[in-house]
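Look at the two complexes coming up: subunit A is in both, with subunit B in one and subunit C in the other.
Our next item is the complex of A and B:
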């Protein structure tokens, strides 16, 4: 990899205890993410990929490991410093209906991070909201719609606008299109591809759908039982998968006859 | 087709209550014994309503326009006995505080089974779960999502129905588990001569499952026909767009992916024309003025004015 890493995670370890059993969710995971690239993290249910996403945002506290974001040790930060650094990494969840305040309006959802991080002057909020909605392809007329009153695809656009509000350099996307209908899935993937091209945002893209991963990823890591079992360029991983887990995921993609 | 017709819809429409728009309207379609029909549509399209209507399981208070007939059952099918239903969320169809073997035995007994506990174990073996005797003693929470869905499938089969309806039965599962379960459903249908209605939003999954395909869009039947014909020579632009939107493992990262712009119309919105016209690349002025008639045969055609072969 030639581009410098903006996210470097080393030795990430996390165990959960359930009913007396110790389950390793992350078992010494290393990740590097360069500016403007998409790293896909794939794996079956329970492989640890969602724990990885949450751990990188410190939504899950790790047992061990280091996470450097823009050179700073993210795990050692606290208080105001942590809040400030959190702007750099934002998350988009699978189901925007669950991730956004169901009683909020589009405006309140998108403006919350602006307010929390004091990113706009008084009076500048409407312009900032309009600019964010514009970046995700929504008209400003949407600002006063209730979040529950718009379609799933529009809601995911709102979730992306909210994530963009703090001008992050990294987006962690946890299955961002798997709850969407096929006919809007392509629109959201195109939005993400366009944003990345224009703004060089790096994506950590969590998914178990290898078809979606093929369409967006530059590099792929394959997880199984909390470990990385394969790591390579998307071309290499799709052309000649080495791990049985990866081959199994590839075989599970339904194929259309004649394609 | 000489096989016995299990269910036949003629201009069928369903309304859940008088004030609501029709959940499906004007559907004509028939299903013969042993066929596997994949019903494809997006959320809110009416695909579940179509499946419920075919199963005779519409909730009380809903009204049916047109005709739905079950010639092979001599009247509406008996739930469980004639038609088994597998829902999307297995935790919703299983009792969390009852051993799965007991739940299966309860259903088998209700259908007059003389030896329900033995048959419960046989059903568990039939859905290819390991160690059936031990699995029968498990509670749902002790099983994985895929295993729970296999139990839900066994429950649907417990009354030995001739028709099985699987409504997004694999969508909540990860792709590896999903593929195995879908293959099991097809295998069970083949070996037991079951007729299958498989409801899904995934046209590629449907491609591997169905002998026939029905595509539903915004409460209308857009297209139906033999799977091979629909997939290779779609007659409705929506079907074609779905096929183009499929992301297989062979399309590497590019600048953009294929997308259908816009979104389905609000179901409450009365439109004089084709409900796909606003998103359709082939639409002409007529498409927005009047609803397209059905072109082709009842079980092999599309609701589109484009001449046959135009989309090839």
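Our next item is the complex of A and C:
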């Protein structure tokens, strides 16, 4: 028996109607995530993995299914109660240039969740922002920079700091490094691994890049056309993939010397 | 900074802003140059321009100074133009954001109301409104805004529909921000730039509508307005055409200046958009 699940999703179903055609984005997907582990959700584009991420965060309304976050039925929450519970589960988006308010500063972005949930006393904000920036490896001198005036990797660090601000137990990471320069991908992945080791945050890690998944995942689920086609520990999936979809994704990883 | 430089690089904008600035200075300093009531009688009736230098542009049928009226009229025109546009944009932006963010039946009903207002010509609407509530400056402002808010409402709604799908709005929802705060802080500032370029058209239209209302005698009776001066001169159009022509030219050049300034602003904003 594995550790108790802090995120349990059952039978998630979502269909999109585009021009008379009915496209199933999610077709009865089950997800279990234990505290402190990394579950990678992999799949080609259009497999439904991003819809899954957004559905779990209630950014996309589902047709059917249940989501329990920390034991509470997340789909039944609404209004102020939902906003308060959102503290437990935060998200890092694919492209930090799109996910940060382009008119904001580093300080305004990182302080928003602190203010929304009244997490700091009046006057304690600067210290809290400094602590958050420090956790993602940014100096406090960055606080008053506009978000359009920093690099892509620094922006993603700011986005991670924002996600950490509410002390969530779950982070949904939707392709968190695929929009970044290859040279900073490793730094961001190491930062995420470091944070998990220190703070036992569970990651739901959405990716199509098996090279990245190999570096971070404890367990892997493979999605194709809205369904889970393979599910297992990272070791097992990488050693002996069973589904053709998974083998296809693995074949897409360039073979690096020395691996 | 660079937006300012792009504005300076557009000849339309520079000429328009220069004209507008000089009109604004005239409007601000009118009471200094002519402290007495511009409606008071200062000389003989129908003195021609450039004859008596105490009334450089001549006098009307009652011997009132045309230049004093012109300068004080600039105040009314610009005040009404600016405030009517401001009210129209605020009202339109509120309706547009509410419709775009709510969706569903709220969106549907707000848009049907907007269309209902659009089918009535703005000037008729203002005319009907003023004839019911009576002419006073705030009511004139409101009456003009009543016919002008639909443009900004539709533009803002269209912008909001695209902005609300962007990731930083999703991120604001994820951190648990209240929908009203999302609308105000995350969505509205990004929906406004296209309205700014619409603003010049609204200001120019408002100045013309105010002149038309005054021409029909529905302006604030205690204020000199350009429309009122033109109407006053109309009765003696054959013998003293300057009484209508001079305020008419002032009106023409103000509206032109507003339009040119708008062109400059559009150029400055367009440069920034393509840069992004």
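By our rule, the second predicted complex is superposed on the first by the 255 of 259 C-alpha atoms of A that agree within 3 Å, B and C clash if a C-alpha of one lies under 4 Å from a C-alpha of the other, contacts with A are read in each partner's own complex, and residues count from 1 in each chain.
Simple rule for what comes next: a residue touches a chain if its C-beta (ideal position, glycine included) is under 8 Å from a C-beta of that chain, and two chains touch if they have at least 3 such contacts.
What you see is a predicted model; the values in this text were computed from it and never measured.
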Check your understanding: Where does A:253 make contact in the superposed view: on subunit B (first), on subunit C (second), on both, or on neither?
Key -> first
Review point. First (subunit B), second (subunit C), both or neither: which does A:183 touch?
Key: first
Review point. When the two structures are overlaid on chain A, which partner does A:203 contact: first (subunit B), second (subunit C), both, or neither?
Key: neither
Check your understanding: Quick one: subunit B or subunit C, who's touching more of subunit A?
Key -> B
Exercise for review: Please work out whether A:235 is in contact with subunit B alone, subunit C alone, both, or neither, and reply first, second, both or neither.
Suggested key: first
Exercise for review: Would you sort A:74 into first (subunit B), second (subunit C), both or neither based on which partner it touches?
Suggested key: neither
Check your understanding: Between subunit B (first) and subunit C (second), which does A:90 come into contact with in this model arrangement: first, second, both, or neither?
Key -> second
Practice item. Would you check which partner chain A:211 touches, where first means subunit B only, second means subunit C only, and both and neither mean what they say? Key: first
Review point. Is A:101 touching the first partner subunit B, the second partner subunit C, both, or neither of them?
Key: second
**Study point:** Residues of subunit A that touch subunit B when the two form their complex
**Key:** 38, 44-45, 151-154, 181-187, 189-190, 193-194, 197, 208-212, 214-218, 234-235, 238, 248-259
Review point. Of all residues in subunit B, which touch subunit A in the complex?
Key: 42-43, 145, 173-179, 201-205, 207-208, 228, 231-232, 241-243, 245-261, 263-264, 279
Check your understanding: Of all residues in subunit C, which touch subunit A in the complex?
Key -> 166-168, 170-178, 181, 185-186, 189-190
Study note, to complete from the structure: In their shared complex, subunit C is touched by residues of subunit A numbered 54, 57-59, 82-84, 86-87, 90-91, 93-95, 98-103, 112-113, 116-117, 159, 162, 165-166
